[in-house]
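This is the structure I want to talk about, given as structure tokens.
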Amino acid sequence: MSDIKKEKKIVTFKWNDQEIQAEEGSNLLKAALDHGIEVAHYCYHPGLSVSGVCRMCMVEQIGDKAPPRPYPSCNATVSEGIHVRNDTPKVTSAVQSTLEFHLVNHPLDCTICDQAGECKLQEYYMEHGAYDSSMVDKKVHKEKVQDIGRNVMLDAERCILCSRCVRFTAEITKTHELGILNRGDHAEITAIEPLKNDYAANVVDICPVGALTSKDFRFNQRVWFLEDLETTCLGCVTGCSVKISQNHNGAFRVRPREDQEVNGYWMCDEGREIYKHLSSLGRLQFPLKNNSGLFIPTESEQFLSTLPRPMAIILSTHLTVEEYEAIFHLIPEDQVYFYRLPEEGPEFDSLLKRSDKNANRLGLEKSYYKAYNNVLNWTTKDCSLAGAKEKLNSVKSCFIVVPEFLPHFIKAKNNFENFLHSLPKECLKIALAYDDLFQGINHCDYLLPVPTFAEKDGTFFNFKEQARTLKKGIVYSQQAQSVPDYLALITKTTNNSKGFSHAAQ
Amino acid sequence: MNSNLQPNFNYVLLSHHHIPNVQEIEVYEQAEGYSAFKKSLSLTPDFIKEEVKASGLRGRGGAGFPTGIKWGFFSKDREAKKYLLCNADESEPGTFKDRFLVEKNPHLLIEGMLISAWALGTQKGYIYIRGEFYHQAKILEKAITQAYQKGYLGKNILGKDFSFDLYVHRGAGAYICGEETGMISSLEGKKGQPKLKPPFPAIKGYRGYPTMVNNVESLAAVPWIISFGAARYRQWGTEKSPGTKLFSISGDVKKAGVIEVPLGTPLKNIIEDHCGGMREAPLKAVIPGGSSAPILTAEQAYKVKMDYEDVASYGSMLGSGAIIVLDQTRSIAEILKWTLEFYHHESCGQCTPCREGTGWMEKIAKRRPSVEKTSTPEEVMDLLNRVAQNMRGQTICALAAAAAMPTQGILKAFPEEMKAYFGNLKS
Amino acid sequence: MSTSLPFSFTEKNLKEYQEILSRYDDIESALLPVLHLAQEQHGYLPTVVVEYISSLMGIPKIKIQEVISFYDMFYDTPTAKKIVQVCTNITCSLYGGRKIHQELLSHYNTQNMVPTKDGEIFIQKMECLGACEIAPCIRVGNDYYGPIQDTQEALNKIKGESANP
Amino acid sequence: MLLNKDLYQHHGYLKGLYLALKITLINLLRNLFKKERLTLNYPEEKYQYSDRFKGLHILTIKEDGSLRCTSCMLCATNCPAQCIHIVASNHDDPSVEKAPVSFEIELLRCVFCGFCAEACPVDAIRLGGEYELAGHFERDWIVDQHFLAYRKSLNEGKGVLSVVEDKNRMKLKL
């Protein structure tokens, strides 16, 4: 009974000619946006408080009790039976003139502005622009090209003072670095101290214009040359939904995707670097053999058929659930080991970041249980621990799946080198790697190219045990094969006699 | 007793102004001070609210919204935390009536606030006075201290189950803090930027609690209404604009200053009788309600009666009652430029139309021939009019409209002069 | 009045600060009076003062800086012993407020909002001071003067202030 | 394909052949005996094309010798042959902000349509009058900004006009 009362009532209202159903009392603009209606707006952001200053999302209410003037829909709530329009002459002329005001002091430097192509000023100008400029007066000049810390550049002149970034630092990170100083048209965004929070780059995403741009992405590519790959971040177990902007020249940036179950609208700065290894110069393009310190191209089939036995495989925690299942299907339990990444940073920073960098640990545990009907015991299977490593002493050839090292895995990178060093000298080490830039590469005898997380389809399980999908985007290493594919090659060539034998057979 | 020490209740607001040292509570008490408050404690809050409503007292800050009706929107829960805020942030160009009132008779305001607090059930009050009025703030603070000593403020006032604390809060020089939500933001220690409505301050104001914001003059009129009743208050003024009003008169008149006259008094009388006529040259124009009010030509000024409706019928507004009188020697274009400079300086920078529009209008009004070679004066005036029109009704508060209205007013009332002005710019 | 020296309230002002806090139901609301107090002590409000008040009241620095930049009466650049505000709004301009402002600037050989070299005078052009009946008016320190007939009278008022503390 | 079926059916090829030879003969005679010739003794004689001729690209420069190009990449976006490759970077001067570190055109792919010059918002690329484009190796025809802006024939703006400043940009004629 009480539960029913708590549930919000769904009511119907009308936006232009479209009937929309939404929760009573919810935000009117959000309800419209959620239903795919295009409404011009700058200052409203669903993840932030309402400030109502850009005056673009005006609507006029139709009916008896309607207010006499158009009002901003971002500050209105949904109620039963109201009918609002944003295509009346009053509203269209208001929006047009407001856009004109937005552009009064906006510099015309779209040519060098990174936002060009995804700029809301450009977008709305196409729809609501006055087109006939009457501005011949001098514009107010403010400081351009300001480095305000972390990864963010500020151009105060391009700013339309929507205050989204100010609200972000005040409400989401609560670090209060940004503010708007002065009054009137001299008002400008200012950082009195450099941005210091780990989520600073989000202000670049929420900036509707080119005032805040990313130092990392700055001038690297025009946005219209890029395609977005919708995928999941493997920076930690949180598993934020992200999109990677890429084209055939490479990957260029990572931005968060809206996902209310995990990351809302945000992501951390570390996660924004996960694109860097996708198209790096170090990507392995073909199998390599270690010829006393010099790596030379080789044929994979050639040596895979002559590997000494017994064999073992050390898997990373960054493979997809599908890959794990295929691997476990091919390889008996006693030959499977794992390399678990060490924890880095605080356990949980109360926003998104977690210390556990083993992005698909839960997916791995799940598939392990499914395949071997046995709970994964990390103390005996984690090769980063001494106990598990001793079991590898008798192994003659060992496959090592190199984890996808992200720039912020500092501890992990050093540990991994030590780990490779500590493996028995006489054991043949075949690294299944995406690039040749990892530390300790000299300890490996062979390098086989594997795809990165953005070059394969698959599933991750995040910390909440929710399935998150990875999608295959542009492939930067043509010869890369997935880990199970290589393993299938061995089991085929060796006729399942020794070494890797089919678990089910 | 010396009649000089007796209040003159033919005036509502300036009743005690002739009494020397009325700032001292003893003097004020002798002159029947605080008697209205004592009387009000014997009345029910609802009765006081009804009485104020019946008096038809209209908000004296500028908008002219009836105070009694505004009180009616206020939370009726007497136990709930509520605030009473007195708006003494008088910054409208031409206005100085509140300063005059507070300076001469601070206890009248305190008494008015006490009665209002009793009627509205607020526990705490602040007088937000503009930062420049340092001495006036000190006068108020002294008066408040005296009132505390006499037991008019504090806990269980005069033995009643009624407590009220009153403090003075100094602003720091921002016109926009005269807007009620801007004032609340400023009181909260933020930039004085107006807040989105709804919610209205009467529901959710200072720190999220219901807050009643009233002008000094509105609150100071309450004691008289309680003493003598709403019916007698209505003896002055018109049906829709009852009572008396303070007018701050400045400009080219012989005697500038504050006067209290019934609403509906012809402007001609005010200029000629109360202010001793024009200084040197004959009348050219009058700004009847502070710089936000559209200008009236001499012809209109000699016809208009100073009440809310009649001034509005001439396309202007009574506003705060600041009358700026201009004679024939004055350049209207200069007035426009000064006005726009003021609004450009004072725009809080929140809403885009106002932030960009006020600056742009000033630039248009100051266009130089080197900038603008192709436009005719008519085109510049059209543009100015269009920009002003686009600003109106598009923003959170009324500052954009306050900048747009006088601009449009001047263009409408003195088209020939403005045309000549913009024409000369080209040559 | 050096920016590098650390700033803290004097003992007397600390008491005053406590008294100010007692007037308000939350600490944020006390910001404006506290800034007035700090400015009285320090003359203006540079970063050191902002940092001190930020740590004293627990308000983020940027919010204090925002407030200082928003209000005309808070200065984040050095002022002088005497702050002279000249009204240049409509009524005062009618009677030469602008002229007085310009002439004062050239007399003291300084610019608007820039203190004179000896640190004595700081001239600020103001919008309406709310004293139109005495137009043109100037405000020296906390005192109003008007009507000012000419620049010489303004100078006398500015000088007279120091003789009459 | 026959253009004129009737002609073929009634007269065979003869009439067509006759017409063609007649035109050839007229032109031959005209060239032999008239002073004003239709053909040139190329390469000794060279044809004077109009100013609007779209030949080899020029990257215009400012008076201080730096490129005008802001690397907005509109030319690359607009190019139907996709032969323009720009790599942009920060510029030390904050008033310039963005400038190309590499600007390459694959001339062998270029169709000389002039869309790049059309698209350029800052008049940084123009199609000049040079048309003698032949070479031995494909790699020679991927030209970079040093060639496009500073080649000998441009002579730092003294040869072919390539110095363009904002203030006189509209007055210039190549």
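Going in written order, the chains are labelled A, B, C and D, and every chain counts its residues from 1.
In the analysis below, a contact is a pair of C-beta atoms (placed from the backbone, for glycine too) under 8 Å apart; a residue touches a chain by one contact, two chains touch by 3 or more.
In this text, all values refer to a predicted model and were calculated from it rather than measured experimentally.
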item: Chains touching both subunit A and subunit D, listed by label; value: none
item: Most heavily contacting chain pair (counted by C-beta pairs in contact); value: B-C
item: Centroid-based (C-alpha) most distant chain relative to subunit A; value: B
item: Centre-most chain [mean C-alpha coordinates]; value: A
item: Distance from subunit C to subunit A - Cα centre to Cα centre, in angstrom; value: 50
item: Cα-centroid distance, subunit A relative to subunit B, in whole angstrom; value: 54
item: Centre-to-centre distance between subunit C and subunit B (centres being mean Cα positions), rounded to whole Å; value: 25
item: Averaged-CA centre spacing for the pair subunit D and subunit C, given as whole angstrom; value: 66
item: Shared-contact residues (touching 2 or more other chains) in subunit B; value: 174, 191, 345-346, 348
item: Residues of subunit C engaged with two or more neighbouring chains; value: 63, 66, 70
item: Contacts with two or more other chains, residues of subunit A listed in rising order; value: 180, 182-183
item: Every chain pair meeting the contact rule; value: A-B, A-C, A-D, B-C
item: Sites on subunit D touched by subunit A in the complex; value: 70-74, 77, 88-90, 94-95, 97-98, 121-122
item: Contacting residues of subunit A [partner subunit D, same complex]; value: 109-112, 116, 144-145, 218-220, 222, 224-225
item: Residues on subunit C engaged by subunit B in the complex (per definition of touch); value: 23-26, 28-33, 35-36, 59, 63, 66-67, 70-74, 85, 88-91, 93-94, 126-135, 139, 142-143
item: In the complex, subunit B residues that touch subunit A; value: 174, 191, 196, 198, 344-353, 355-360, 363-364, 367, 371-372, 383, 386, 390-391, 393-396
item: For the subunit C and subunit A complex, residues of the former touching the latter; value: 47, 50, 60-63, 65-66, 69-70
